[in-house]
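Take a look at the structure set out below.
We call the chains A, B, C, D and E, going by the order they appear; numbering starts again at 1 in every chain.
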């Protein structure tokens, strides 16, 4: 059997620079499965790529419609942005009973959506991260911060949950304002943040979008020199862009204790792409989860394998790291249990999203170091 | 001149033939499976439905541009405003929202409007800038005093799930009309300012209002949750899962040789298609009736020569305002329909490239001034816009086959998604080249 | 069609933030010149010989129409509105594709030249409408007339100012701010700056007051008597006929009557039907 | 001292960034306005022309850097700029030849040209991405700062810092130079006057012996030069990202229109109006007020409007300007 | 009666109309002449509501009509034609006439959806009226021609014809003669005289052709530098030294060279 796996990512549009690395993650997982030769009695996986544009719900819906009804994919890694994901889930995936695992849609709204057990995500809801971030900042003795967020459901959700948590813990948020991605200039935002003041600036944005622009402006004008970076900002690009300038800043992103992520980055390097790119690891995991669930259910029918996703992702069973998909297939074929950990330390909680283990990182001497996990 | 040449070559069969070709494309999309077409009726109908919505939008733009020569570059804003209607009309009411600050909010909006009206009155009565400024300032303070706490209260009401004022729980079809009214009201305000003085800069005013409306939708959470999005907007048609659970329907589907999932998708899309067609045809009927009577003659006269029309007793500004409002209302209806079909209101998705420029491309390619041309252009361009997603990469894959494997080839293959833009641009340029007045030019 | 109508595709739209309606041309400026051939033996200085042609792919406007002017002469074209007078002038200037006939200047066949090259060949033309650069100063307008010249233009400039003292006073002012009569003087001056070998004027006196009209006619006579052939279209037929050495009556694009101004004035039928006398 | 602090805060956060941004917009608007004035249509492909020129410049910059060539404290990209301009000019001329010329010869309505430019926009959009990809690229090298915050604080002893980036100063200097050169060209040289004449009255320009195709070619070359310079300066100051160059089109058009389309002086003024209205109207004055009135502690930020609405602000200002000056700030004379 | 009182219209510092006062008697054909740049067209434009005045007052039969927009003036019976013909070029000649009357049922958009019968009846009546007007102007043979294809003179007749579709009181004509063949101008003059006699229209005419002025106008008003210079019968005006000096001139100086 030839099993088709679809991806619906924003290859054109505002997040177009993130998509290739995400697609590469999916391709990597599929390649690993195929090379093992153990997948469902020698079935092969082909990946069908779709462009969700990230912003255009109608185009995304059409893309997913095509993937499902025309290409006949059995599962979809995607969508990329929450709005578009919701539209294609409700209008296409759900009616057709196809499983979607999104690597990057983090809106809390997706936690409560009516999904008939078809929707999962390998990234945690933003609500949790806000809480963690507040703890980290408090732990460093900083009590007054300014917050800027990218003006979409991710940024807004994260900023709001953070502000609530931080205030509840006794901190002070001097301003909580938005910046739009892809704008020509961020002087106005930087000026406003600087005027509001604070001991650090929380940048709930994307590293290759407005987030970097804000950081750049703040550094240059001396508005802030300590930054707090949530997951959208933590990545190799940040170090490349700013080097030693952001020494003393810190942040967190979802990642497991252990070598899963490093392993994945290494594998990505061998494949010729940047494994540290935002949501690349999550994409790998999303693809792996779908395929392993199929193997566990011994069926590529979404109605059957959707019930296996949680079991594959969680205990009990042997821990599976990136690069060990072959081993996992072997165990599953033998009727055993696995606990998929993967590149982003997948641990699924109801209703089908990762619990969110975060690693705390720190920037020192132009490099990023991991200081702990929460 | 090219234009005269083309006009001379226009045969009465041109439009029917082009529509037949378009129909054929959709049939091929539904039945044939190869590198060009997907062979799925679901895909085909999905594209068609969105194409019909685009066609209604294009009709609105065509009224403004084709009938009256008004250049509206704020289509995205009016679409977005129309999209607000299903949220405010059809969504079930949010518990506690009205009690926490709804009335106060309404009052504040009322005060805001009143202030503007008072300022206007003060100006006509006294002609004193000072008094007007005073009225405005007092009004603004009162407005903020009412508005700010109300908004805070509403947004604090279960922000993770709601935090907005909520809907009225009315039938969603009603919201299509309301969407039109919203857009019409905004158009009236813009038109009053921009058309009243000079129509020279309508384009920039509409460009601005488009940006402003989208910014308001993004940032005013109490309205429609801002960027946190509204989901699960009620539908006017059955849900697929319900159909699949209905044994009668499953039997019916199998009798036609379809699987239940596929059939349910097709059925729902056909229902939508019917609704959209009714709206589209009604609008065309009304528009053609108006065009073929003295009203249409007057509009053509105004378009031909504003100065002379003014001297012949036609109130050009008022007529421009009328057409601008009507056209925007149609765009607003389309906006509401789109949100209804998507079931989702996501303000971040309203970007001008997709919702203004693409619509303009549709109108110009179809043939401005001609309702059927606008419809044809809209459906065709939408079809291409969706299909180039796979045509582009296929094309580039085909083009690079002779290349030796290497960095260049990989680079090109990696860039394949961007062929979407290139192919779109090529199609547009080709159509403009061979039919500069559009596919179905105005008679 | 007015400028704005061309610009906005007759859509009545006046939205200047989209397209610029001002100054769009009606002639394809990208056409390349062909070769210059041998002219007609013993023909007048400028002759459009049995020209037929129309605009674009439209019907013929000119039918076998012949117009000529020789050194030191004033030739006047009259005729009903829409007869093709301006069209004949444009045909002489190469702004129209001739389907038949040819244009010869100074013993050479210039039918294949484009307008730019006819200017270089020594022709000067003042169109009926849009005959100045409104946003440029009077002096710049005149300088543009001398665009093809590489020698010192100051002397010619002074001569033109001498000829039109009213214009000289306003040399730094934008030409678009001048009154109708002054505009006409600038337009004629612009053509003179070319140092043309032949001067063509399309209704130079339309809309100007009687006193300015007299002045203009005076100038034209002086110019012609200086040896420069002048070809002009006039609706003020009676005045024009008085000074014409040669007159053409065009009707529906064809030569209806030809003769000296005096002869045509004397012809009762011509006077009644075309000259309004 | 406090007054100085207030002034420095204002300079640092409002004046300098807005001036640099304004200069970038002005250069972009200049190109738009030139094409509008002479070729008579609003060129929607201008943003993507900027992106293309910048992409080529970046590629050449990489080459130069690989060869070890640099300009000392100035960015290497300046050396690569002529190559970028040349490539962009070639592309613009090619586009004109293949696309626009056809309509010009047909005397098609300019609205058709506007739509054709939308098509060209799509094409160039894809082309740039094919060329250099979609990633964010920083290509600034050389010295980052002329004045940096820390040094300034030490030197002045003030609480507030002041920063002036090399790229900001460079932007302003280049903008002034380019504008001066363009004015000199348009008003003093024969070719420049020919361009103005063509813009004023195409047919009469023809009758004066001006070769229209040459004017058109020159316009495209200058516009391509302006676009590349604007794009590179913008990219140096911020960073290069293909997508952003479409986004900058909107403020550029706003700038060109507010200044009076077709008018170079207006384009410059318009750029600064838009930039300053974006930055200044949304600036929270709380800090400045704090310095000026030390005893007073306002509870709000003293912000007229949130930065979310900064774009809306510039449009509202634009509309107000148009209400009072319907033809833009500098009406009357066109290019 | 149209009365203009101390009217000013300035462009920047320039006074195009500088305190002009004049009266146009009901039933007259008043000529308005003056040197180029005297301010005639500007005065027209102010009266017709195209330009707002800087100061001053315009009244019509005692009613203040200063600054009313053109469409409002139309409904008061004040019509104007344009110096350059402003036809609706893509519409037929008949449509050009039929669109003129105001208050047609079919001009209200929602009535076009529900009152087709009434609209059809009105259209039939309008059509008949338009054909009568075309007959009067001797251009009925081009009724179905696109107005843009008419010759210059026919366009000017069409301009005139539009004023006949409604009961006009006062008609302003701006340089009907410029660029018009003199024979045709004679026809236009006859049409104006007939309208004046048969329908009692009041005319105000700007023109530089003194033959035309002399043939139909009484009185004639002369403007110069934004002010009224003189008023009187055509004969008186043509003898007035000031008018000759500033406007009419004394004929060609170079007459001697003509026959050379």
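Heads up, the rule we're going with is that a residue touches a chain if its C-beta (ideal position, glycine included) is under 8 Å from a C-beta of that chain, and two chains touch if they have at least 3 such contacts.
Each chain and its UniProt protein: B, D = Branched-chain amino acid ABC transporter permease; C, E = ABC transporter ATP-binding protein.
Only a predicted model underlies this, so the values are computations on that prediction, with no experimental measurement involved.
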item: Neighbouring chains shared between chain D and chain E, ordered by label; value: B, C
item: Graph distance between chain A and chain E, where chains that touch are linked; value: 2
item: Pair joined by more contacting C-beta pairs (C-E or C-D); value: C-D
item: Reference chain B; chain at largest CA-centroid distance; value: C
item: Chain of greatest Cα-centre distance to chain D; value: E
item: Between chain A and chain D, centroid-to-centroid distance (C-alpha), Å; value: 36
item: Centre distance in Å when chain B and chain E are each reduced to the mean of their C-alpha atoms; value: 46
item: Mean-CA-position distance for chain C and chain B (Å); value: 52
item: Centroid spacing, where centroids are CA-atom means, of chain A and chain C in whole angstrom; value: 73
item: In chain A, residues with contacts to at least two other chains; value: 16, 20, 151, 178
item: Sequence positions of chain C contacting 2 or more other chains; value: 8-11, 13, 16-18
item: Sequence positions of chain B contacting 2 or more other chains; value: 1, 3, 198, 200-201, 204, 218-219, 304-305, 418, 420-421
item: Interfacial residue positions of chain A with respect to chain D in the complex; value: 13-14, 16-17, 20, 151, 175, 177-180, 182-185, 187-192, 194-197, 208, 212-213, 216-217, 220-223, 237, 241
item: Footprint of chain C on chain E - complex, ascending; value: 34-37, 83-84, 89-90, 148, 151-154, 175, 178-186, 208, 210, 246-254, 257-258, 260
item: Touching residues (chain side chain D, partner chain C) in the complex; value: 36-37, 40-42, 101, 104-105, 107-114, 190, 193-194, 196-213, 253, 257, 261-262, 327, 332-334
item: Residues of chain B that touch chain A when the two form their complex; value: 33, 38-43, 46-47, 50, 159-161, 218-219, 226-229, 231-232, 239-241, 244, 261-262, 264-265, 268, 338, 341-344, 346, 348-349, 351, 354, 385-386, 389-390, 393, 414, 417-418, 420-421
item: Sites on chain B touched by chain D in the complex; value: 1-3, 193-194, 197-198, 200-201, 204-205, 207-209, 211-212, 215, 218-219, 352-353, 357, 360-361, 364, 412, 415, 418-422, 424-426, 428-429, 432-433, 436
